[in-house]
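First chain A sits with chain B, and in the next complex the same chain sits with chain C.
And now, the complex of A and B:
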């Protein structure tokens, strides 16, 4: 029988120090030992959302931090301008799905790691898909996508009858973001820390130029570009949509912007600036992505193993002027629609599913249109795909009370669209439905309910 | 070939062609290619540095596969420098990648002149003794040194070079240079030609706030013995005057004027930072002075003469509510003044160069122009020798950090990172490196740390038992996530140093991976 390799010879030589040895500055549930290391391999399932600058780093860092079961989801294909930081991609990969190439490259390098790629939109996956992960790591550059994943993760959080969050149902997330030399890393434990929506004010929507400035008093190169992009394009190309990824379209906008700038004596229109303004390009470099992802994965390891305390709860990094890091402990919004116990809705037992869906459109806190409804993982009505719509259509005429098994008080989930900053976005809401006059539950005149 | 431009698009938007050219000219030497070193270089190779030379004498072991992405199964038993170098090369074929299979410690001892060929040396995972020796070598040879170390859940990054001067410091928030408190004759002249009481409402709401403020400041000073508002009451009154000139509630230009009125009240002249810079002893230039200091000498003369106490005008204005004509003519006015200031400084630079016996044209127009544009934002970073810091750190700073409620952990790690090297020098291994002698190592490390604190003169400071235990638990482990964090910072600093843009970190960055309350120590 071959001898068991000693710690110094083992692949987990370095990680073992942290996972096998007891310590005092550790998480409350830390149980050091080989079993912990093996459990991490076996049961530590992490989903990486986004396979871009942060996602590539996250996958590599997780694969080298004791995790073996990873999945990654991304709808984008590789572009040349990714190559200065998305180190898992090569020139010959341009055009291929990011998730697939990233997964393949990490598996080739780190043996024993399994990564399942998903080349699709995050909204294409059902709730159940997300529920199987122990932790979700977000490497995204859009607020809308963060908001959506956050609402998905928070939807798994259950509350007891006293409205206290049941921590064992909480699905932790780590979230990173970068711009130039700056970035943030945060830990979100629904029910414990603020969720993304609790602190949405940290991400103010981008200010747009007033249309009258563009049309009448342009002053900067960006004004000329946006005029060509938002006004002139539609005037000239009746009905044809502008495609930012079509170089011909971009060239046209650049030429129009140049003409306008010349007319008004405004300097500074370049092709590069045109792309930057039109596509809202955020400058990005490898080092910042590396720093932020590393912080996220270190926290993932700590959450999963308890091997140290965790970040509480928001780290900002700024490397532009010297080096500044700061930890801020943000607080939960107890009235948060997303991580709170859910929006309370009182209903008559006779109300049909169709009526209920209509009601969500009007509800002042929700304004949710085209909602699909699920109850305990089971689809009650699905707007899409057509085959599921057809299968669930017959439920529309049945009272909701009957559909959920005549339970007087329960939680259902609604996924639909809502309008935020003039933009239609997908959103998921947790709804607590209470039926009037059932089983001793008197008409609840809950204070604050609308 | 359009490829590189597209490939580097996202970073060119940060440091421009000039920064990229500097990177492509740089030759970087890496000492030790564990994960900390490999990750540092990975980020630099992706960004397109000119060349890298990887130096490591060790062979790849099984344990390296668990923390280093730049080795794989097939690397075991082979030269680590070679394997890492090969994988790094895959990331970017524009980079010249070389390796030398040798231990850095040996190179430092036997071949110090080796390092003078590089722009910058990144030294990772070195112990105190080697750091001190290498630092002396690099300082002597004028090679930039970046030290990086990952150790369990802590680590450090430190820069060492005599002086780093930055023209393009690119601060994120900086007051624009509008001179509303001290307008030059042409700006005053333009303001005189406008009528604030114009009856056309469209014209009234498109008068840029710069002209409103210059005009109203002029009116104010005429009725106040040539002074601008200075007391709180006066400032309030001035804002009331602006408000009174509004003819409709939706006049954004007037709202902007009220918001920007503090620019009228701001004291004239240069900032204390710039004052300090032109008072620096290096301003007395001679033939050995750098271009930067020659230009600062010219700047000093300008401020004391033509500038009338002000730096050259930056020449750009922010966007503001305005008609296109007014805005464009303002823009031209600011540009013209900046150009005039530049010409004066250029003349002074040429004269100084001649005086100190250099070719008067040895500093390019572009450089002087950029210097003038950034005159208010110039930065000088100086770094102590590592040896000096180790022997006599700035005690009040160290004491403050060690006793600070939030940051004492980072302070403690600074001491412990040095204590483990003393420990290793005495006992030939790091505390907790091997299993089975934990308790003994903990008490030895404690004694070593107490000894170090005494030697430094930090009497009365104690490190917590918990932190000492933790340091022993780490057992010199190089965790990938920590290495990626430390390596990420090291590469970011390298980029700032080489492009000479942005401001590199000053002091020693101590990473606290327990709760991320890291600290920058200026010792």
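And now, the complex of A and C:
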């Protein structure tokens, strides 16, 4: 299948080498040809989460890799200190929403691409918003935000009755992260690769100083800053919450930290160190962002087009001394509460919560006694402590179907004890409950709040 | 996967109106782990837990400790717990809501307990923290003070310490430069 002559001159010349020619190392179902290039423009909808250092790079790289339908979400406004590496922003943009400026700048430079900006928190969007994208690319700096997007993406994943993941329900993610000269790029295909939660132990614990050290025996500039931030702030501003994004607050902490450092003869308190300690910031390096973003976008292109097998599944990069990269294949946690299948249970709509809890005792895959049940953060029944047992007891006589809002299928969680090798162990299980004889149309009745 | 995306896009146009899964917030892994901790609580005697926001917000709760031995016998101390989303990778945030005269708890309610900060590990749980707090009442420690004054008194004049603790619990009086409303 030879490339069309016009394609030679097109701006996608390099891309065409990947998309128009067959190969030996391609992904399954790869169908090279101009149709693929066109489909990528038409159907490859990518959401970029974060429009900071990585996000700017991701948007630019995606636009130049043939994706035309992009959206970007970020809650931050541009600050002067962003300008050295967040190259889509100019001095006159300071104070404007990052997502909006980034989208505008890329659209000005790359004709044909459409980028919809969303200036809001990721939690402000409904599940439906996330469901429309084919791939989600993450350029984030926090574990919390990654964990949130991961749980959203995994919530679309469905399993069949044999606990096999249904490919068409999997929402792939490509996650990038940088810290100084180091970075990572990983591919997350829920149901196939480990999800973010499967490998959450990869993150090192945060360093926290003992409060009494801060209060009594500060030895470093960071101790003085944390004293001002954690102890002095509350003493002076009774009840007012500290806002790390408020420059006035940060300035106050810096001033207090300076006073304290002088008192103890400790050097090194600066405004940028104060920001660094309080907000846990490590200086970002433009070239690391560029390298990690390139790896992420290449994976995005590979997932979408099948032009090559994807990274399997976690790339680490270290440019501190020379250059070191390595790919590690992490494995799924089969019991992962976020991406795992859980245990499938078919029920009649009339089954009460009490009967359901009884059923779990006899279910061969569970043998779970004294189960407490939760649904989407709500306590349906808690065996303990007594105060919660009392608050939830009245639910026992209500059908489970009604308690979860008359949804034909959903996930609930059970906490209870099982007996393994004559030893009682506690366990937390994900249960996929499916109600027999209910179609997809939700009943108009609302479930009784108890 | 582009073919898949194409198929999905087409399908979506057809069943535009079919309601997908609800738009309700998903339960985070941290919340699940906390539910487990709560359902398995084995509280030390003389302590109790309550949920001011009701049964559907377990991430914020209060623990009341009424020591039945040691310096603080007869007092009633309320601790507020806020459990972050990243629990158990992050420790719960605990504050003492009762004004207390204690070497390891300052007058703002900050608590110096190693497992709440530098020694927190994901294998620990809410129960361990509550045991740690009740330990502070039986074994106040003047070596890691947050309330320096109280620590000095405990070290240099234990009898005065006993009487100061009493005053602070009985309340409506000053201990040194601080006024205590009382908590018995």
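Some points to look at:
Simple rule for what comes next: the second predicted complex is superposed on the first by the 334 of 450 C-alpha atoms of A that agree within 3 Å, B and C clash if a C-alpha of one lies under 4 Å from a C-alpha of the other, contacts with A are read in each partner's own complex, and residues count from 1 in each chain.
As a convention for this text, a residue touches a chain if its C-beta (ideal position, glycine included) is under 8 Å from a C-beta of that chain, and two chains touch if they have at least 3 such contacts.
Since the structure is predicted, the reported quantities are computational estimates derived from the model, not experimental observations.
In the superposed model, A:211 makes contact with chain C only, not with chain B. In the superposition on chain A, A:268 makes contact with neither chain B nor chain C.
Touch criterion met: A:29 reaches chain C, while chain B stays clear of it. In the superposition on chain A, A:234 makes contact with chain C only, not with chain B. In the superposition on chain A, contact is made by A:64 with chain B only, not with chain C. Of the two partner chains placed around the shared chain by superposition, neither chain B nor chain C is touched by A:247. In the superposition on chain A, contact is made by A:294 with chain B only, not with chain C.
In the superposed model, A:180 makes contact with chain B only, not with chain C. Residue contacts after overlaying the shared chain place A:18 against chain B, while chain C stays out of touching range. Comparing the two complexes, no residue of chain A contacts chain B in one case and chain C in the other.
Only residues 29, 31, 36, 39-40, 42-45, 126-128, 131-132, 134, 143-144, 147-148, 151-152, 155-156, 167-168, 172, 197, 200-201, 203, 205-206, 208-212, 215-216, 230-231, 234-235, 238, 303-306, 337-338, 372, 374-379, 382-385, 387-388, 391-392, 405, 407, 413, 415, 426, 428, 440, 442 of chain A touch chain C when the two sit together in their complex.
By the touch criterion given at the top, residues 1-9, 12, 18-29, 31-33, 35-36, 38-41, 43, 48-51, 54-56, 58, 85-86, 89-91, 104, 106, 108-112, 114, 117-118, 120-122, 144-146, 148 of chain C touch chain A in their complex.
Remark: chain A residues 5, 7-15, 17-18, 21-25, 57, 60-61, 64-65, 80-81, 83-85, 87, 90-91, 108-111, 180-181, 217-220, 264-266, 272, 275-276, 281, 283-291, 293-295, 297-298, 301, 308-312, 315, 319-325, 327 touch chain B in the complex.
Every residue of chain B that touches chain A in the complex is listed here, in rising order: 3, 6-14, 35, 39, 42-43, 46-48, 61-63, 65-69, 72-73, 90-91, 152-153, 169-172, 206, 319-320, 322-324, 327-328, 432, 434-435, 438, 465-467, 469-470, 473-475, 477-485, 487-489, 491-493, 495-496, 502-506, 509, 513-518, 520.
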